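Chain naming follows the written order as A, B, C and D, and within any one chain the residues start at number 1.
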């Protein structure tokens, strides 16, 4: 269990884009991951809301790491595809992506994730993702 | 036609996140938009490839502006939802998102977009988006 | 509340395809709908499992009617788009689609729905849908 | 090439649901498949249009068989997920689903497909699918 969280945190730490966004991994358990990001005016679309691509990025990473948390020990993960519905403008002080595994197969894992805008302690659902992630077992190099 | 391109460029210029990514609007015609982004190690996932969220961000903006280019004059646009398939690792010197309108309705516009990795002049398809965009007519304020 | 259920049941009764599939509306409340279908060897794909299109059909109708149940009184609904993940082969005595509204807007409603295979009283999750539905207010005809 | 078409036709012939819908496989080449279906009032939704699930069913089968046409010889295919945009009411004398492979991998194949309504010789785009299909290599049974 601690090993899982450590594996997830170590990989998250290597995602330079998450640092660029200011994103933090705020929870990681077996099959669930939470990522948070503060609002920044460097991350906005034309109306000053958070760009849908930013919300999608933390949803995608949250789904990927939820999948990793239940993958075989040596597996890495790769996003195959995802679909996002944007339910409300991403207006808030910060944003939370919460992912959970719905089905973990040998090769493919299906996750869903919700994104919330946080305002004065209130969470509002702003986006939903349904995603497919693939387990990749690194192949030994033949000498 | 020039008016369309100007409207698209003006709105793109207000997307702070596109500047943060280093993205440029490289073409905008009626129903088609192209956005390019150079590789940067600030935009990577754990293996050093471009993060899927980055590719998705330029695909989303490209679809949104393709929709805007065919929207009524006073309309703004809002992404309703999109779906992305990631076909190959996003490895390249730069990346191109090309969007086109498939159907423009009164309220909703459907676009598709492809993302390519560019290496030594060769384009490789790395992702595909299918997206729904909504026209928003700003309401006059009643005095 | 009874009016909602009646509106949903009346419309479901006009979906000839649901009758062709042998589908039944087994529950309809505000924002939630359940549809069931028995296995039939007329509905199979090449391996004898229920065709993904059948599962999708009852998920789509369940989402549409969940949206209708919270729509304005005179509104009709239309599916804009949906995405389905198929999690396991659809093997079972019967199948259940359960939809719920995640966000009801003035124009668009977003629903999610799960499909389960039922075997000797045990439910197994076999598919998940995320869907966008549009409210259509029939326009009065001018004389 | 003839072997491919034969493999596709043989599997299509085992999809009882396609026969139930009245669907026919009207073309099958390497990476492309076409399926047609006549209108029937047994396949309608509440307004008398073809049910979105019917359109989705022929799009799904078309994508699956396009994937099968480029899969390894002994592989079977399984739909992992798909997303459909419904662009216009499915009103017509008959309907055509045309699928093509966008990327064929070792394990996963990504296809897109368009559905058209046919009226007096005119084709109108009514739906678009983006789909992921998995190759399944049947395992030898150990004696």
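Just a few scattered comments:
By our rule, contacts are C-beta pairs under 8 Å (C-beta built on N, C-alpha and C of every residue); 3 or more make two chains touch, one makes a residue touch a chain.
This structure is a prediction, so every number in the text was calculated from the model and none was measured.
Steps from chain A to chain C, minimised over paths through touching chains, total 1. Of all chains, D has its CA centroid at the greatest distance from the CA centroid of chain A.
Our note on geometry: chain C versus chain D, Cα centroid distance of 21 Å, whole angstroms. Chain D has its Cα centroid 29 Å from the Cα centroid of chain B. One simple way to say how far apart two chains are is to compare their mean CA positions; for chain A and chain D this gives 32 Å.
Listed for chain C are residues 80-81, 83, 85, 110, 132, each touching two or more other chains. Listing the residues of chain C that touch chain A in their complex gives 83, 85, 87-88, 102-103, 110, 112, 125, 128, 130, 132.
Note for the complex: chain D touches chain C at residues 11-12, 14-20, 41-47, 51-54, 56-58, 60-61, 76, 78-86, 89. Put simply, chain C touches chain B in their complex at residues 80-81, 83, 107-108, 110, 132, 134.
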